[in-house]
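Below are structures written as structure tokens.
Two complexes are shown next, each including chain A; its partner changes from chain B in the first to chain C in the second.
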Partner chain A sequence: MSRVTSIRRPPAGYIETLLAEQPKLPTSPLMGVNQLRSKAVDHLATLTLPTKRDEAWRFTDISALTKLLFQPVSPVISLENIDVEHFYLEEATTRLVFVDGVYASELSIITEESGVTVVKLPSADATHAELIESHLGRHVDLEDNVFATLNTAFLHDPALITVSRNTAVIDPIHVLFIATQTGVASYPRCLVAAESGSSVTLIEDYVALHDETYLINSVTEIALADNARVNHIRVQRDSGEAFHIANCSVSVGRSSNYQSVSVALGAKTSRYNLNVLMDEGAECAVDGLALIADSQLADTHTCIDHSQPHGVSRQLHKCIVGGKAHAVFNGNIRVRQDAQSTNSKQSNGNLLLTEKAHVDTKPQLEIFADDVKCAHGSTIGQLDNEEVFYLKSRGLSDSVARNLLTYAFGAEIIDRIPIPSLKRKLEQAVLEQTSLLL
Partner chain B sequence: MINKESKTILEVHGLHATVNGVEILKGLDLTVKSGEVHAIMGPNGSGKSTFAKVLAGHTAYEVTAGTAMFEGQNLFELAPEERARAGVFLAFQYPIEIPGVANSQFLRLTYNTMQAQRGNEELDPLEFDDYVRDKMKRLEMSPNFLDRSVNEGFSGGEKKRNEILQMALLEPRLGVLDETDSGLDIDALSVVAHGVNELANKDNAIVLVTHYQRLLNYIVPDFVHVVDNGRIIKTGGKELALELETRGYDWVGVEHQAANLATVTAGAA
Partner chain C sequence: MSEVLQDLVNRPYKHGFVTDIESDVAEKGLSEDTIRMISAKKDEPEWLLEFRLTSYRAWIKMEEPTWANVHYPKIDLQAISYYAAPKQKPKLESMDEVDPELLRTFEKLGVPLHERMALAGVAVDVIFDSVSVATTYKDKLAAVGIIFCSMSEAVKEHPELVQKYLGTVIPTNDNFFAALNSAVFTDGSFCFIPKGVKCPMELSTYFRINTEETGQFERTLIIAEDEATVSYLEGCTAPAFSSNQLHAAVVELVALDNADIKYSTVQNWYAGDKNGVGGVYNFVTKRGLAKGVNSRVSWTQVETGSAITWKYPSVVLLGDNSVGEFYSVAVTNHHQQADTGTKMIHLGKNTRSTIVSKGISAGRSSNSYRGLVRVGPKADNARNFSQCDSMLIGDKSGANTFPYINVRNNSAQVEHEASTSKIGEDQLFYFAQRGIDAEAAVSMIINGFCKEVFQQLPMEFAAEATQLLGLKLEGSVG
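Up next, the complex of A and B:
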């Protein structure tokens, strides 16, 4: 009992203190945006920050976050390409760069590729009103989710990407969020609307230029109309002292295909909520890797919600936990009553590298339909002795054998990223973490 | 290939080994000289695969008595990786799959580890690529196997070829092949056997652990040993394998018991 009572409610006024900065945001020429923001501000009065007493946050203590008062971002961008070009990806011909949440046009490239429209909100005019009205804030849960609501209250420079009907965008779009200031909160926002029959690859990438504390509170909404295809790669390489709280909501239309790979390497405390709503005949593959050490915490909550028949979903989530780090995975697969003939497979593998490494995993199947095929499984363990022996029998030392297997465990996920240069970078990051030379 | 100038590569005396406290090997003796091919045969559960794994240093097996000298070194004092670097190679019956690691990366890592051990120059990815492709051609392996993850999704035959490819790259002094023929169709068997024959030379030695005689149609052994109940109970030439194929294993045991009995009787007299 003492453990429960020792959990403190966050100090009153935390949200109010944050919100004090909100009225300084410039008014948008689009009424819809202003309304969305003010509604969020009003709604925040009814919300509180979660504590470990909330089921969805029982393993993730954010009380440290509430003790810090993050300053508003000073909108000074003094970065040049040379400072950050090592984060750029050669495959991406469209690149949107946000520095501490503020759009940096001089670092971005928007190619006039037919079918893709990228809008910066302050310049958004009535022609974008429809996109914003029909999608912005329509996919993410703004009822109970205090962080998504906070993000919406602070909505200023979202990345808005539309892919026109029947257009296949070949080159990936890189949305790069760079943290440069310490002690600040930033509210990245992404919206991708893939119209019917279109396809696109989005890389959502969070990086830092320093190792200090800051807060990222991001929201991504992805809407796939019918027969669309979206590849979504998400990489979180924030500073090891950062807080990263992210909500991503995806609506997968009829016969559409959503493929996602998310990799979490950074942040002291990170939380990623991914909600995928599946329409009839929709397919998705949701893969994830958390590679953490020291005293990092990486919490991934996913929900794949089959609302209509004939959906197919597949999920592989892995955690590699070193030091005294703590990984959390909560994977919910929901098959609603109407979602007959759903085929769903979920697996979760966890590798604990040290005695103090910790993982909490909770795969959940909630099935309300009767004609479905669902499987899930979870493993937690150390490296397999047979595998270690195999490598040692080839002359590899014990440590190289173990590092190679650890690398392989993570590389299986990274391998699924269809962008060669990003794949190489991430493989390198895993190699460094496993002190392996290949 | 038996010749007078050959040197002893492996000398095993009175080997006893247990797994989970159960004794599997009960006094096994074997001497292998350079240039020789030995076949170790025996019924299921006789201990022949255990013998292969004990030589490679599998940690699940505990050596409780006996010695194994490998080119003058006490094998049992060496860790598995040290044995490999000294020149012992075990081709696995069930090779491990390593999703996420390209076969080319794995092969180069092991090859360069061995090169460093031998004081030879390591190869960079491009140089290694040329080198390994040539070896693969001899094993009729498609270069596609370089880009795929180690053994992942390989058929039984492809996995065994990949084992022999590793043996070709690491150039061991002693190659121990644990049931390399199991699960192979006749074409794959012939390719794998051909690969092994190419590797066998006057300076190294091969120990084939097998249940069936058919592999020995392709790799002709100099000695055939029958293991039963953890010991070698009969040794002969290649014709012994044919006899085992037609008569099975039971008669060897019976003959062995009879001989033992005769020895005991003679001793008593």
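Up next, the complex of A and C:
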């Protein structure tokens, strides 16, 4: 069937205009950082914004984004704790708050817990050079990735966290990104390096204080050395008019364990690329939930790349789609030739609540080793009438029954979040949204 | 890998002989003149020449697609000949007048054109280098109103039917290779089952490429009118040449109200030698249109040959309650590459589709399943079930799954599952302790793996497919 769709070419010079403010960034005392930035700027010259013609962006139209010119962030508006404390999590004793991508020390708490080091790049010195040199920008692949490259070009105030050898950090670390300005582009950046035998829980949290348009273009890098364990919880609650484009690259070392739960509730258009590179005997669990309505679009692209033998991975991604919303999922599992005895399982469930809701999903297996066990499954459907009937026969009204079933569908993912207060908040948010969806 | 299995994998292609028949080969290269020449040679009506030229003009503006997971040097489409016909004829009256050399070829291939065919009760149309040379059982079929003949004949005798349906399922500008085929196709099979007729026998076409450096471009068109039923088989072989041959066929199926078309293929084109030299590039566009209510289009394919296979038999489910099916076994060995799958486009209400795909890759081959299930906004209560299983034999081969699922209707129910596995040591051990050697065990395991698909094949073909698979994978497990 031939379809002729008009593809809007992004306006020429768009990237250049965004870059206009880049030279105003203060030079970092660390040469490595300056080199990263200038390399990124050079690389940008070879890149163009993706269109629906690009396979990776086939279902996600960002032409609306390219029509808006986002300004750089203006100096931080002073926020008081009282304005934002409802976002805080009681369990997190270490909290890093970034307002429009700029670190807000007065809102943050850095406890001197043993084993955790939080480095602020503007004040970083030679003692941190090794961390920065060996990890920053080393895990994310900039090739063909215009957004991650833009983020790197604007690298100035990242959250840099290291956990030292054989340290188990009990309390989660909360990294909170708050959007307060409209029409701006911010470039949040986060790096977690878990040294061998360490364990840590990271909460990456995106929230907004208004309902206007802005662009979040974030990059997160997580490096697990051997026998490390990282719990990564990512919550995206941006404004309903925002654009949220995020890249997360994880390197899982030998016999390490990476657990991730990502929840996308906000943003008009959101895109999350998660790349997990698995070393020998590494394990990972990658779970996700997108709960969207109105004309929202949530796109999740994941790639779990087994490069060495004996890896185990498990993935469960769910989408609940209401209104005229559009969910996209592309889950790639790659097993390289050397990755014998890999065991990988992926499933994807999609619940379409309304007539106009739609979903594009593409679970993908690429396998080059023979002694492997790999499976994936994907379903698309609506609530089971039998189940609704069962609940109604117990005296629940139609809407309550549907709401409960929809909630239960999403709760499977939320239940995997190990932080009770965050779980409660999200459960509340999901319940509210599901009752609105129906 | 055990030696027995090694031998098995490396068994040479048994259809790799060239038949020494004088061929009428056109000059190499493609231009509007070539097309006019083909058209004139075949004595075609004006509208068909126009059809070809429109396609050609669309084609020259197109670029060869590169998205498939296959790798090959760019084909120089100007270096192949677009027309090769066995030099014959006054027109043949019966099978006895067919060139005996040709008959011997088919004898060697095991295609029973003669009495054996009578016993088997299968009507056959034989296509040799893109030209139909013989069609059996025509009269018997004509008695119930079925038209089964070569495309050239159909153009001459039933131009109104050909003109009405040609290019309606696969538009001339559909894709690069389909456009090329529309411009230069030389022959193929035409089949028309009138209203209410259940075809009394299996219809079959055998394709063979014989001449080196020709492209084979056949065009098949099958139309089943209201309440008609037909089962159609297609088999393919080619001689072993060290250069690559291009095979770019187009198959269009049209099923009207309550009609049922079942199309089965056993594809065994020459796959190249074990170092990946030579072999057929099989770039085929096949699509069925389930146009009427309650119509059904079913594809079954066993893909064992070709250096590169690039084919996605699809079903457009336009009529309400229509059904689409796709059953596939794709086996690759040595340096073969296959990127195959299906497209199920749900447009009508209550449409259902089933996809069962089994991929087996051995040697250094790569085998990809690429499929699309699309549910349009008006396709209420659409239902799809897809299952794609891969088996890897040896650690140098690759198996990929690329299913695209696009759903625009919330009453749809779509399920997809895929798995990858290998033949386990414990399975072989279990057979061994029952006194069954590795080779027989592998054959049984693979046949079990493919059973769901083989069950869909007509009986004669199922036996052939089982054997073919055995041959193909001999020696690849150990």
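Everything below uses one rule, namely that the second predicted complex is superposed on the first by the 430 of 438 C-alpha atoms of A that agree within 3 Å, B and C clash if a C-alpha of one lies under 4 Å from a C-alpha of the other, contacts with A are read in each partner's own complex, and residues count from 1 in each chain.
Rule of thumb we're sticking to: contacts are C-beta pairs under 8 Å (C-beta built on N, C-alpha and C of every residue); 3 or more make two chains touch, one makes a residue touch a chain.
Fair warning: this is a prediction, and the values are worked out from it, not measured in the lab.
S.K.: Put chain B and chain C onto chain A via the superposition and say whether they clash or fit.
M.R.: fit
S.K.: Chain A residues in contact: does chain B have more, or chain C?
M.R.: Residues of chain A touched, chain B against chain C: more for C.
S.K.: For A:N385, is the partner it touches chain B (first), chain C (second), both, or none of the two (neither)?
M.R.: first
S.K.: Between chain B and chain C, whom does A:S397 touch in the aligned arrangement: first, second, both, or neither?
M.R.: After superposing on A, A:S397 lies in contact with chain B but is clear of chain C.
S.K.: With both complexes overlaid on chain A, does A:E16 touch chain B (first), chain C (second), both or neither?
M.R.: neither
S.K.: Identify the partner contact of A:D370: answer first if only chain B is touched, second if only chain C is, both if each is, neither if none is.
M.R.: It touches chain C, and chain B stays clear.
S.K.: Once both structures are aligned on chain A, how many angstrom separate the closest C-alpha atoms of chain B and chain C?
M.R.: When the complexes share the chain A frame, the smallest chain B-chain C C-alpha distance is 16 Å.
S.K.: State the interface residues of chain A toward chain B in the complex, per the touch definition above.
M.R.: The touching residues are 385-387, 389-398, 400-401, 404-405, 407-415, 438.
S.K.: Under the touch definition given earlier, write down the residues of chain C that touch chain A in their complex.
M.R.: 67, 171, 173-174, 316, 345, 377, 390, 392-422
S.K.: Which part of chain B faces chain A closely enough to touch in the complex?
M.R.: Checking each residue of chain B against chain A gives 56-60, 79-81, 83-85, 89-90, 92, 95-96, 98-101, 105-106, 109-110, 113-114, 117, 149, 166, 170.
S.K.: Which bits of chain A are touching chain C when the two form their complex?
M.R.: 1-2, 55, 59, 337, 340, 350, 352-355, 357-382
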